[in-house]
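Shared between the two complexes below is chain A, which has chain B as its partner in the first and chain C in the second.
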Partner chain A sequence: MLIQLLNGVVYGGLLYLLSVGLVLIFGLRQVVNFAHGALFMIGAYIGYSVAAAGSWWGGLVVAVVAMAIAGCVLDATLFRALRKQDHIVTVLVTFGLLLILETLVTVIWGKAYLRYPMPDLLSGTVDIAGSPFPVYRLFVIVVSIVVALSLASWLRFTRIGLYVRAASTDARVTSIQGINVDRLSLIVVGLGTALAGLSGVVAGPLLSLSPTMGNYILIDSFIVVVIGGMGSFGGAFVAALLIGQIHNFGAIYLPWAGTMLPLLLMVGVLIWRPTGLSGART
Partner chain B sequence: MTVAAGDVAPRVKTRRGTPLLLVLGVAALVAGFTLPWIAPSKVAMSLMAQSLFDALLATSVGFLVRQNGRVSFGQAAFFGLGGYVFAILVARSLVTPEVALVLALAVPTLVAFLFGLVVARVTGVAHAMLTLAIGQALYEIAFRWRELAKGDDGMSFDLPARLFGLPTRGLQDPAVMVVLAWSILVVALLGLKLFSQSRTGQIAAAIRDNEERARFIGFSTTLPRALVYAIAALIAAIAGTLQATYNGYIAPQMFHWSLSGAALVMAIVGGAKFIVGPAIGAIVLFYIKDLAGQFAEYWPAIVGTVLVVVTLVMPEGIVGLIKRIGGLGQRR
Partner chain C sequence: MPRSVHAFTAAAGTAMLAAMLATSALAADPLRVGVPTDLSGTYATLGEEVMRAVRFATDEANAQHGVAGHMVEIKSYDTEAKPDLARRQSEKLVSEGYTILTGTIASGEGLAIAPLMDRWGSIYISTINKADELTGANCVPRVFRVNTQSAMDAATVKPWLAQRKEKKWAVVAADIAWGRGSGALFDKAAAGLGKEMVADLYTPADINDFAPYIEQVKKSGAEGVWVVLAGRDAVNFAQQAKQFGLTRTVTVAGVSFTTDGTVKTLGDAAEGIYGIINYSSTLDTPENQSFVKAWTAKYSSPPTNFEGETYLGMQVLFQAVKQANSVKPDDIAKAMSGGEFDTILGKLKLRAEDHQLLKPNYFGVVEKVDGVLRPVVKTTVSAADVAPAVTCKMPS
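The block that comes next holds the complex of A and B.
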C-alpha cells in the first residue's frame, strides 16, 4: 500500500515538473503550449544520446541546458509574436510546432522504442516497510520536491520572483511599472522548457522512449493545469499529486477505466468549479 | 470581430442571395455526377471518396470554430460514434437497418447537444481539454471493450442487403459513393450557409462575438451554442457513418484525437471563417498528402509548418487568399 502510494507520488512528481512549466509559460505569455510534451520528449532523447555516449549525469545537464536555450529561442521568436493573439491562434501554432518536433524526433532517432539506461549510482533498491523499492524512484521524488521547494521560494522571496508573480497577474500593468516583461519572460519560458527537459530525462528510465511518449503525459499535465486552475502554481502541485495517485490506483484497481479517470475528474471539477481548484483566474 | 450596425446590411443582402445560392447548390449537385468520369481509375475514385469524408469532418469542426469561436480537439468523437452505432447495430441485427441509420445520426447529435450545454460556458484550454476528453474517453472504450467491437483490431461488418428499399451493394462501389458523398457535402454546406443566415445562426454569431452583451440584450447564450455543437456533430456523424459503410469496417482510430487534430488543421488551412473553407482545405491537404507519398515520413512536419504559416500569415486560409486575389483583380 505504502509502495503504491509512493509510485503515485513518482508519477505525480513528473507531472508536476511538466505542468509547472506550462503554468509558468501560460502565466507570462498567455500561451497554451501544446508543444510542451514534445519538448519533454526531445529532452529525454538528448539525455539518452549523451547517456549512451558515456555519461548519464552529463545527459541530464546537456538536456536541461539545451531545452532552456530552445525555450528562450521559442519565446523570442514565436511566443512574443503570439502574445496579442487569440487563444485559438496560440493553440494552433503550438500544435503545429508539436507536429514538426515529433517528426524531427522520428527522423533523428527513429520510431523504435529505446531503453533509457539508469545511472549505476541509483540502480539498486531499498527496503521500505518490508518491501523493496527502487532507489531511482526515490530519486524522482526527491528531484520533484527539490524543484517544487526551490521554485516556490524563488517566486516567494526573490525580486525576480515577485516580478514573475506580478506579470502573471497582469503583464501590462507590470510593464507600466517599469519591468521589462519580455526579458522576464525569456527567463521564465526558458525555465519552463528546462523543467520539461529535466522531467524528460528523469522520466526516461521509467518510461521507454518513443516519438509519442510526450502525448499521454501532455494530456495528463494539461488536466493537472486545468484542475489546478490556469496559472496557479500551488494548484498545479496539488492537482499533480492527486492525478498521480488516481493514475496509479486506477491502473491497479480499475484497469478498464485506466486513462479515463483523470479525464472524468477534470470534467467533474470543471462543472463544480469552472476555474479550477485554486479558482483564481480563467 | 465586433457586431456593429454594419452587420445588419449583409443580412438583407444575403436574403436576396438565397435563390442564387440554391442555383449554385443545384449546379454543384449536377456537377457531382460527372465526378466518376473525371477520375481516371477506381483507385482515384476511392481516394476521391475518402477525401470527401475528410471534407465533411473538416466542415464539422470548422463550423464549430466559425459559429461558436471554439476550437475542438475531439470532433472525431462524433465521427467515430456515428460509425460505431451504425456498424454495431447492423452487425448484431439489433434493429432494422433504417433505424440503425437514424440512430447513428441521432445519438451523436444528442450527445453533442447535451455536451454542448455543459461545455458552452468553458473557454480556452479547458474547452480544448474537454473536447479532447470526450474523444479520448470514447477511444478508450472502443479500444478496451473487446466484446463491443473487437477492440483494437477493429471490426468488419456486412451491410444489410437493402436500406430504405434500395440495394446497398452500390454503397461500397467508389463510383456511387463519390456521387453520394459529394451530394451530401453540397447539401450540408448549403444547410450550414442557410443556418448561419437564419435568426438562430445570427444569434449564435452574436454570442460568439460578445457573449456578455448578447446575454445582456436578453438572449439565452447556452442554447444556441449547444445547438451549434449538435449540428456540427450531426455532420461528423454523417461522415463517420459514410466511411464505416464504405469500408465495411470500424476501428478505434475513428475516435482518436489525431484525427480530430487533422480535421482541425484542414479546417484552418482551408479557412474556417468561410463555410466552404474547411472542405476545400481537407481536399487540398488530402491530395497534397497523396502526392507527397515518398515524403510520407515527413508529412506531420509538413502539415505542422503549413499550419503555423497559415495561422500567422494568412489567418483566413486558402479561401481567404483566393478571395483577396479576386478582390485585387476587381479593384483594378
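The block that comes next holds the complex of A and C.
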C-alpha cells in the first residue's frame, strides 16, 4: 500500500514538473503550448547525449540550461507575437512547432528507442515495507518537492514573483503599473521550458527515449492543468498528485476503467467548478 | 459502304486492340504493394523494421528487373498501430492502386481490414499480426498469414513451461487483441500443466508508468511472469521491472518482448529473459545465410526478427506472383492458397484451409555472445509440431 502510494507520488511529481511549465507559460502569455511535450522530449535527448558521453549530472545541467535558453528564444520570437492572436492560432502554431521538433530529433538521433542511463549513485533499491523500491524513484519525488517549494517561495516572497502573479492575473493592468511584462515573460517562459527539460531528464531513466515520448505524457499534463485551474500554480501541484494516485490505484482496483478515470475526473471538475480546483485567477 | 468493309475494320480494330493489350502486358503492370504500418505509435520501431525489410526485398527484386517482369512499387502510410486509422490508410492505399497490403503491426489492425478485402478487391498478407482469429474464427479468402500466430507460440512455450519448477505464474500483457489472446493461451497452457495463475494484468495503451503492475506481480507471489508487450511498452516495462528488482527474483519469459530490437536498447536489463523467437539471423539454412549476408552488406547489422519475418512475407508474395504470372490480387490469392514456397526458413506450405503458413518456431534466452547481448535460440520446434488446429470455416 505504502509502495503503491509512493508510485503515485512519483508519477504525480513528474506530471507536476511538466504541467507547472505549461501553467507558467499560459499565465503570462495566454499560450496553450502544444509543443511542451516536444520540449520535454528534447530535454531528455540533450541530457541523454551528455550522459552517454560520461556525465549524468552534467546532462541534467546542460539540458536545463539549454532548454532555458530555447525558452527565451521561443518567447521572444514566437509567443510574444502570438499574444495578440486568437487561441486557435496559438494552438496551431505550437502544434506545428511540435511536428518540427519531432522531425528534428528523428533526423539527429533516429527513431529507435534509446535507454537513458541511471547515475550510479541512484541505481540501487531500498527496502520499504519489506519490498525493494528503486532509489531513483525517491529521487524523482525529492526533485519535484524541491521544485514545488522553491517555485512557491519564489512566487510568494520575491518581487519578481509578485510581478509574475500580477501579470498572470492581468497582464495589461500590470504593465500599466510600470512593469515590463515582456521582460518578465522572457524569464517565466525560460523557466517553464527549463522545467520541461528537467522533467525530460528526470523521466529519462524511467521511460524509453523516442521522438514521440512527449505525446504520451502531454495529455495527462493538460488534464492536470485543467483540473488545477488554468494558470494556477498551487492547483497544478494538487491536481498532479491527484492524477498520479488515480493512475496508480485505477490500474489496481478498476483496471477496466483505468485510462478513463483522469478524463472522468476532468469532466466532473469542469461541471462542478468550471475554472478548476483553485478557481480562476482573472 | 459494303458489309465486308465493316467486317474488315472491325477485325482490324480488334487486332489493334489485341496488339495494344499484348504490348501493355509486355511492359508488365507493376506489382503495387501498400504498407500500412506504425510509423509513430507505440510500435514505431517495429514499423521501421517492417519498412526496411519491404524496401530491401523490393530493391532486390527490381535489381533483377522485377518479379517475372513486374517492377515492384511500394507505398506506405502511418497507422499509429490504431485499427481505425489502419482501415482508413489501407483504403487510401487500395484506392491509389496498391492492392496488395502487408505490414500492419497490431492484430487489431489486421482484424479491422481483413473483412474489407473482398469489397476493396485487394489481398492482405500478415507478417506481424499474431491474433489467432485472423486465420481462425475471422478467416476470409483474401487474407494470408506468413508469421507465427499465438497458438503456435503457445505450443512452443508449453514444453519449456512443463520442465520449469516455478509453480505460480502471472501474465502481464497489452490490453489489445494480441495481448488478450496470448495471455489466455498461456493461462490455458499453464493450467494444463498443473501451474497456478496468480495474476492476469492487462496494461492499457500509451501508458508511461508500469509501477502499479510490477508491484501487483510482486504482491501476487508469482515465481514466473509471462510478458506480452512489444515496442515502447516492452522497453519501458523491462527497464522499470529491473529497477524494482523484479527480474532478479522472478523468472521472466515473453513473446515479442525481448526481440533483437528491444535487447539492443535494454542492454543488461534484458539479460536472462526467456522468450519466443520467431526468426533469428543465426538460423542455419543456406537460404537464410545468404539473406543475412546480403542484408548485412547493405545495413551493416544482421536482420532482426521482424525484418526476417517481413522479408519472408515478401518472398512468399513474389513467388506467388511468379506462379500466377499475374499481379491481379485474385490470381495471387489463388497461387498463395495451398502453395509451397522457398523461404529463408526452407520450403514451407501455406495451408489452404485457413491460409496460415506452417513454419517452425523457436524458443531461447537473452545471452551474451561475443560480448554482445542478443536472443539466442535454445530449442527449435518443427513446423509440424507447432501447426495449430484448423478452426477456420473459410467463407466462399
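The rule we apply is simple: the second predicted complex is superposed on the first by the 278 of 282 C-alpha atoms of A that agree within 3 Å, B and C clash if a C-alpha of one lies under 4 Å from a C-alpha of the other, contacts with A are read in each partner's own complex, and residues count from 1 in each chain.
The definition used in the following text is that contacts are C-beta pairs under 8 Å (C-beta built on N, C-alpha and C of every residue); 3 or more make two chains touch, one makes a residue touch a chain.
Quick caveat, the model's predicted, so the values are computed rather than measured.
S.K.: After lining both complexes up on chain A, report clash or fit for chain B versus chain C.
M.R.: They clash: once the shared chain is superposed, the two partners overlap in space.
S.K.: With both complexes superposed on chain A, which partner does A:L98 reach: first (chain B), second (chain C), both or neither?
M.R.: In the superposition, A:L98 contacts chain B only.
S.K.: Name the contact category of A:L277: first (chain B only), second (chain C only), both, or neither.
M.R.: It touches nothing on chain B or chain C.
S.K.: For A:T259, decide between first (touching chain B), second (touching chain C), both and neither.
M.R.: It touches chain B and chain C both.
S.K.: Counting only touches as set out at the top, which of chain B and chain C does A:N248 meet: first, second, both, neither?
M.R.: Once the two structures are laid over each other on A, A:N248 reaches chain C alone.
S.K.: Could you say whether A:V32 touches chain B, chain C, both of them, or neither, answering first, second, both or neither?
M.R.: A:V32 contacts chain B only, not chain C.
S.K.: After fitting the two complexes on their shared chain A, where does chain C collide with chain B, if the options are 113-121, 257-265 or 365-373?
M.R.: Stretch flagged for C-alpha clashes with chain B: 113-121.
S.K.: Starting from the residues of chain A touching chain B, keep only those that also touch chain C in the other complex, and list them.
M.R.: 258-259
S.K.: Touching residues of chain C toward chain A in the complex: what are they?
M.R.: So the residues of chain C in touch with chain A come to 40-41, 44-45, 48, 201-209, 211-213, 215-216, 218, 231-232, 235-236, 239-240, 243-245, 261-262, 264-267, 269.
S.K.: In the complex of these two chains, what residues of chain A are touching chain C?
M.R.: 3-4, 7, 10-11, 111-115, 118, 125, 131-134, 136-137, 203, 205-208, 210-212, 216-217, 247-249, 251-252, 255, 258-259
S.K.: Which residues of chain B touch chain A in the complex?
M.R.: Residues 65, 69-71, 118, 121-126, 128-130, 132-133, 136-137, 140-141, 144-145, 261, 264-265, 268, 297-301, 303-308, 311-312, 315 of chain B touch chain A in their complex.
S.K.: Please output the residues of chain A touching chain B within their complex, sorted ascending.
M.R.: 26, 32, 81, 87-89, 91-93, 95-100, 102-104, 106-107, 219, 222-223, 225-226, 230, 256, 258-260, 263-264, 266-267, 270-271, 274, 276, 282
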